[in-house]
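Labels A, B, C, D and E are assigned to the chains in the order they are written; within every chain, residues are numbered from 1.
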Amino acid sequence: MKKLLQTLRELWRDPMGRISLIGILLIILMAIFAPQLSHFKPDKMVGMPKASLSAQFWFGTDNYGRDIFSRIVYGARVSLQVGLIAVGIGATAGYVLGLIAGYFEGWVDRVIMCLMDILFAFPSILLAILISTVLGRGLVPTMVAIGIVNIPVFARTVRASVISAKGLEYVENARSVGVKTWPILIRHISPNVVAPFTVQATLALSSAILTEASMSFLGLGIQPPASSWGSMLNEARTFMEQAPWMAIFPALFIIITILLFNIMGDSLRDVLDPKLKL
Amino acid sequence: MEHLLELRNLSIDLPRGKRQSPVKLVEGVDLTVRKKQNFGVVGESGCGKSITCSAIMGLLSYPLTVGAGSSIRFLKENGEELEITSLSPAELRKLRGKDISMIFQEPMTALDPMYTIEEQINETLRFHTSLSKPEMHEAALAMLKKVKIPRPEQILKDYPHHLSGGMLQRVMIAIALINNPRLLIADEPTTALDVTIQAQILDLMNELRESYDTSVIMITHDLGVIAETCEEVAVFYAGQVVEQASVEEIFRAAAHPYTAGLLKSVTSLGGEEKMLYTIQGAVPTAGNFGQGCRFADRCEYCESRCRESAPALTEISPGHLCRCWLHAPGKEAAQ
Amino acid sequence: MSEHAVLLDIQNLQTYFPITGGVFQKTVGHVHAVENVSFQIREQETFGLVGESGCGKSTTGRTLLRLIEPTAGEILFDGQDLRALSQDELRQKRRDMQLIFQNPYSSLNPRMSVRQLLEEPLQTHFSLSQKEMDEQVLWISQAVGIAPEQLSRYPHQFSGGQRQRISIARALITKPRFVVADEPVSALDVSIQAQILNLLLTLQKELKLSYLFISHDLNVVRHISNRIGVMYLGRIMEQGDTEAVYRNPLHPYTKALLSAIPKLDPLEEKSRIRLEGDVPSPADPPKGCPFHNRCANCMEVCRNVVPEERELEPGHFVSCHLYD
Amino acid sequence: MNVKKWISVSLAGVMLLGTLAGCGGPSSNATPAPQDSTAPVGSEAPAPVSGGTLRWGTDSEPTGFDPHTNSEEASLRVMNQLYETLVERNADMTIYGQLAESWEIPDETTYVFKLREGVKFHSGREMTADDVVYTFDRILGKTEAGDIGALGSKSSYYGGVTSVEALDTYTVQFTLDAPNAAFLGNLTSNYGAIVDKDVIAEKGDLMRADGGTGPFTLGEWLPDNYVTVSKFADYWEADRVSLDGITYYLIGDEAARLAALRTGDIDFASLSASNVSAAEKEANLKVLSYQTNEYIAVGCNLSTAALQDLRVRQAISYAMDRDTIINVVFSGQAAPCSMVPPAMGHWSLDVSDMDLYKTNVDKAKELMEAAGYSDSNRLSLTLAAGLMDSLRQAAVVLQQQLAEIYIDLEITNLESGEYVDIWGKMSTPEAGFDMMIVNDGAGTDPNRSISFFFGTGSGANVFGFSNERIDELCTLGIATTDEALREEYYNEAQLICIEDCTKICIASPMKYFVTSTSVEGFSPSAADSSNFRDAYLAQ
Amino acid sequence: MKNYILRRILQVVPVLIGISILIFAVMKMIPGDVISGILGVEATPELRAQLAAKYGLDRPYLVQYLDWIGGVLHGDFGESIRTSAPILPEILSRFKVTAELTILAAFISWIIAIPLGVLAAVKRNTLADRFVRVFALLGVSVPNFALSILLILVLSLAFSYFPPLGYVGFLEDPLRNLQIMILPAAILGVTISGSVMRMTRSSVLEVLRQDFIKTVRAKGASERVAIFRHALRNALIPIITLIGMQIGSLLGGAVIVEQIFSLPGLGQMTLTGINQRDYPVVQGCVLFIAFIYVLVNLLTDLLYAYIDPRISYD
């Protein structure tokens, strides 16, 4: 816990880090307090279809006459949820596989890495499409699909840092003192893994939101009436001329969220891995 | 100015953010090196000996900078005097590798792994001469023979990782001397080498001194290396020169308590006495030196005066400078 | 030479590292890091192992503790062959034999405070109450010269010398009987070296320890060891009482090594034995005596027959055909 | 130094992104570069000019060009240029002879066609009666290729044909097993296209080959990019055709199609109603529209218990506000209709003042409460939406409207792989859905629109609807050729189906073609929406 | 070197087999099947059985898999069920499009990313460094489909420009081909350039800290020589590893960009195959893409030896 606070404090000091922290906090708050923030229920037809920005509808209305601002606010929930849970699946599975492959090496390592190579050989979008076609569409299958796509990246990052940690002198020191395998893994090796792992997690979050948007763009992501920013952008495609605001706001929020996570990932890398700070 | 190199009041600053004033890692260093002289610079790690010499070549790495009021004067072969601190980067570049050159501590990582030995030697020639390719090949070959490298033809084609530490250091020396510079700065050249290889390199450097009228600044923490190779020695401690004298004077009659202490703990290694002589405490870190003598809290002879004001580097006997209140004028040297 | 009992008896120790090649990564050769090394270490005695880099002294040290598995040979610790122990038994045995590392900056876990670093060996080997552990930690930190208020600090807040003190405290807190010190002072400045060497000597008396002291610095080894072994390319060339070997070196390599040490007297005439060439690669060691290609008085027999060890003076062994 | 150059380029890129995001919609002000050919607006059509290739921006990729197996619109637009049928329909649905010069119907079950002479296949060989015989053998699966699995060909279109014989080189006689008033109309379908047996013999099937007699021959097909057809020199009405050829460019994204139209990169494209309003503002574009014979409808899976209750189905019809759906989905450009849409002229029943077509939420609620539902006991149903955007948007509006009458609708958008599979099972629980919103083509003959979709056990009656009176009316309707009598039967059938509400028809949309002003001589209609014989590019 | 290649190929074989098994299994698990796609309304049971037999879909899965893999090894990827056209020739012709797109995009991303990456490393912690890092992040954060639609719209409205229609091969008509490919390749390149830029910056920074840079400066080299002749050459290694990794995201991005610009590429073919449940087509495409991915990784490894003399493959 102390390590977390210390990292956050250091992140706060870096100007880029501060921007990303504030930004992401705002978006999370927006997602949590969606009902209070939005004036209307997201899928209620409350105004004239394709009405432009007005006092009543801050972001205008879509082709059904629904308030885009409320839908963006509720969409934040879906997009973040997809991002967090998908990365959660990918990260945990990746962490366990990476730790085992990295520590025990030998044929275990070869088998796990072979599986990871198999998943890696698929372009992420294709793999996500295939999995979501098998599992059917909707929120949960999309999350599982993006989660699976993220496993190899995490497995490789964790494995690389475990192998490099095993070579450190103080790990050999612990072995020479007679410490058992499990405490060595917990006390000496995993702290080294946490730094690159966290950086990878933030970057994976941004790519998860991007993948969900792309999948919705291909018509495979979230099913109506639930809507993520990606599906809103997809629906807005045909109305680019009459109601460009239907496309601009979801696109803007997708870009901003991904940008914020990327910036955070970058400054986290500098904070957690001082060697690069120079 | 008849000396080759004169350092006057040289200081090196480490900036500490906008609000605080920079920390002085090295302060008030005065050194003079004569032509064809082997000048020793000795001191423990972190005493500033290495960055002082990097400053001579204007090679201070980010974020260190030469402090105001520092002066480094250098006498070129054609008698022209240069103030290095005020040279433009282009003028500095003409100096480096031509009039002053440098060799480093870790030979294994001092050469670019992507280029052959010949390419890296030719690079120095290309910067400072207009030799044609075959002429450069001849010069490189001759130089490698001078530094006694076996099978020089083959070595030219090899890459750095093919060679051992000793071989690589010989190549570095070849590169440094190929434009027969006036001054060679050797930054702990043998520290990373085994003792038998170190002996070979030191012998080689002594031999080369005859055939090149190059002055050498030998930076090391090993007093044995100083004894073997240098004529005059400056002792660094916590960013200052605390003593400077001929090598015989230093080993026979060290004046400054720190120098004496160093010598005692090294010689006692060979002695019968089981417990070694040690200098208590540790070197103070830059930034909290206090105004008094920086060796005060580790010095056996420390007096109240030592803590209040910093002693100046004064000449206690011809050619023998010392920065210690014990040897201030009017006081006989303490034994 | 006090007649203490033999604590550690090493018989023909060998450690080879496989070199893989070809398509299926099968072993095509071996690096002969340690080539049948034999020596004894008595109670409360320091055995110095000296030699240039790549001669296998560090590997020997780690193989004794089975941090690296030996290929052949016996390691008798108090009469018990360590190679017979299972991993678990070996782990418990580590209580009696510890290792001090060379680089103080990388051998301590930066994320653990000094107290945690010292408590780890205790928690691993003994089940003590917190009070008993605090006592032990206090006792050992005083012994190595660390103030109690420094216990809660982290390694990066200490100088090189102080960190090495922490490293020593961590090794000695379980009151081992035998400690391998792998170049413990090489990374330190001269003045700090002296402090650590003194500390090792006082602790040896207090805790009745025996040391295997590994170093490339002949002066340091001479000062601290009772007996020394000179290693070259994985073999022990000469071993014996320290003063006997320094005053009357028998093996040509020892002679060359001793003459290469820079003297502290600038005026003394430097008569030096020049050693040409480089150490051959341990991947394919030369036939016969490994030193023959650099030896001034190399004979025909040296080129193809490995010299065996002979005891020319009581306790003073040498492996060289000059004394056949 | 090149690094500086790159900074300026990327800066420009960022600015471009920024300005667009800021200025909130580029639509109105930017005036496109003036087209060089300023066609006079409003003056009488300029004289037809031969030459030029029509560039058509299409929205989906054809799967193949075999008229007897492919029936999706993407393939039809190309096949209609390659193949011809014995008879064809005019815009007002009346029938005229195409490959057949004339025909008689000696009795109710025999039809004799007199073929045009000198009509050549694209292979150059002349078309004779034998080719017509071979064509219908192939459709009915009598050729060695066996049953080619033609979509809807056998049972509903030509099931009744017992024999096809060539009386002489240019006359063919068809005999049916029973009188079928719709037979002549069915011959106008693309399934009745006359094909060249040599091409089939050589290529195995017509998926990627051209065995037709039509005005254009198949040129190059680069899948997922473009298809070209070029003028058939010795077409039997060659003088009528002035275009050199047509190139179909695949531009999946509708906004991109509109952009391509605006910049003049394509001359012809179909757009959804919402984008048509933007196209109308462009000086160099004009809009052609026609009332299609398709309609969107929502079907109830009769294997779902709740939907077996007529009151629930009628409640759904009452709760449905067709005007909102038409406004939202078709920008107001569609007409409420029964299963016989208005495009079919006199056959179509006027539904405007029918009780079930008037939104009456209170009545719907009464029916639902009578059926035992209330706010505490709501009915949740699953609805599958087909592939088209219009269906998916209608589903969302419907969900909103049914929520008022205690029905919670859960929508799933199917994609092409699953759609046909689930559609086929919509009368069984295996379908996994209680309702489905579909887009159906009513065909050109009322028999097709009623019996094919509502006849017990017939091909497209997927929702499990069965009513003997309807079956009776269908057999009567097919048996007589007396138009007035048929109209009476089919009107009664429509009333019964509407009353039953198993398949609630919503509206029949308009179809829009947006073309460059230089495109002349093309007038699309429900009967014939891609006839380019008279089209030309005025310079 | 021969041994190394052989070993690498041996490592690759299990991966390719694994991929073929995975994609075969996935295709079997996908709901809905190709038969009902073809038959549509007329899907009577005996008709369905007849077609299933025709395409061998009624045989046990293992037999189907072995038959398919057997074919693939002899270069026969079977025929598409929907269009009954042989698959491999179509994959190869479409691969030319995707290959051209990805190579052009990769090339564009390097031209943008490497100079900017070096600039950011050399002028570290200055305004230029911060600007480059934000630009890199922006490049990565913009979804390529949003950027594509945006650009098509803006170009058509503001400059009345639309990318030329009708794909022509590079050999047939290079100018027109480049006109068609430049916009999609630029979009794909920009969205990929972010990660290359970051990698270049960190690896150049890493190299600038090495000892030999100080030696080069001590020899009198100018800053430009130190950076471009020495630092960049050493920094190339990690950048090359990124090429291997980049191919995955490039192919992924290509799937989307091909759809918007309707380029007849491999991604588009795979997508339509999935939609129409055309098993052999999807299996063939995915296996081919995986093969390309593995091949590129092998080539990047061999590129190491060519550039870094320290690596010698025994």
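In this text, a contact is a pair of C-beta atoms (placed from the backbone, for glycine too) under 8 Å apart; a residue touches a chain by one contact, two chains touch by 3 or more.
Just so we're clear, the structure is a prediction, and the values are computed from it rather than from any experiment.
S.K.: Taking contact as defined at the start, I'd like the list of chains shared as neighbours by chain B and chain E.
M.R.: Common neighbours, chain B/chain E: C.
S.K.: Taking each chain's centre as its mean C-alpha position, how far apart are chain B and chain D in Å?
M.R.: 90
S.K.: What whole-number Å value describes the gap between the mean CA coordinates of chain A and chain D?
M.R.: Here chain A and chain D have centroids separated by 43 Å.
S.K.: Centre to centre, by mean C-alpha position, how many angstrom separate chain C and chain D?
M.R.: Comparing mean C-alpha positions, chain D is 89 Å from chain C.
S.K.: With chain centres taken as the means of their Cα atoms, state the distance from chain C to chain E in Å.
M.R.: Distance between chain centres, rounded to whole Å: 54 Å.
S.K.: So which bits of chain A are touching at least two other chains?
M.R.: Counting only residues that touch two or more other chains, chain A contributes 133, 237, 240-241, 278.
S.K.: At which residue positions does chain D touch at least two other chains?
M.R.: 26-27, 253, 255, 415, 417 - these are the residues of chain D that touch more than one other chain.
S.K.: Show the residues in chain E shared as contacts by 2 or more other chains, in ascending order.
M.R.: Chain E, residues with two or more chain partners: 30-31, 138, 142, 149-150, 153, 259, 274.
S.K.: Following the definition at the start, I'd like every touching pair of chains, please.
M.R.: Every pair of chains in contact is listed here: A-C, A-D, A-E, B-C, B-E, C-E, D-E.
S.K.: Using the touch definition up top, name the residues of chain E that touch chain D in the complex.
M.R.: 30-33, 36-43, 47, 50-51, 82-85, 90, 111-112, 115-116, 118-119, 128, 131, 135, 138, 142, 147, 149-150, 152-158, 160-162, 164-167, 190, 258-260, 262-265, 268-269, 272, 274-277
S.K.: Would you pull the chain C residues touching chain A in the complex into a rising list?
M.R.: 65, 67, 91-92, 94-95, 98-99, 101, 103, 106-112, 120-121, 124-125, 167, 170-171, 174
S.K.: Show which residues of chain C lie in contact with chain B when the two form their complex.
M.R.: 52-53, 159, 161-162, 189-195, 197-198, 201, 216, 218-220, 222-223, 256-257, 260-267, 270, 272, 274-275, 277-278
S.K.: Touching chain B in the complex: which residues of chain E?
M.R.: 210-212, 214-223, 230, 233-234, 307-310
S.K.: Can you tell me which positions in chain C touch chain E when the two form their complex?
M.R.: 21-25
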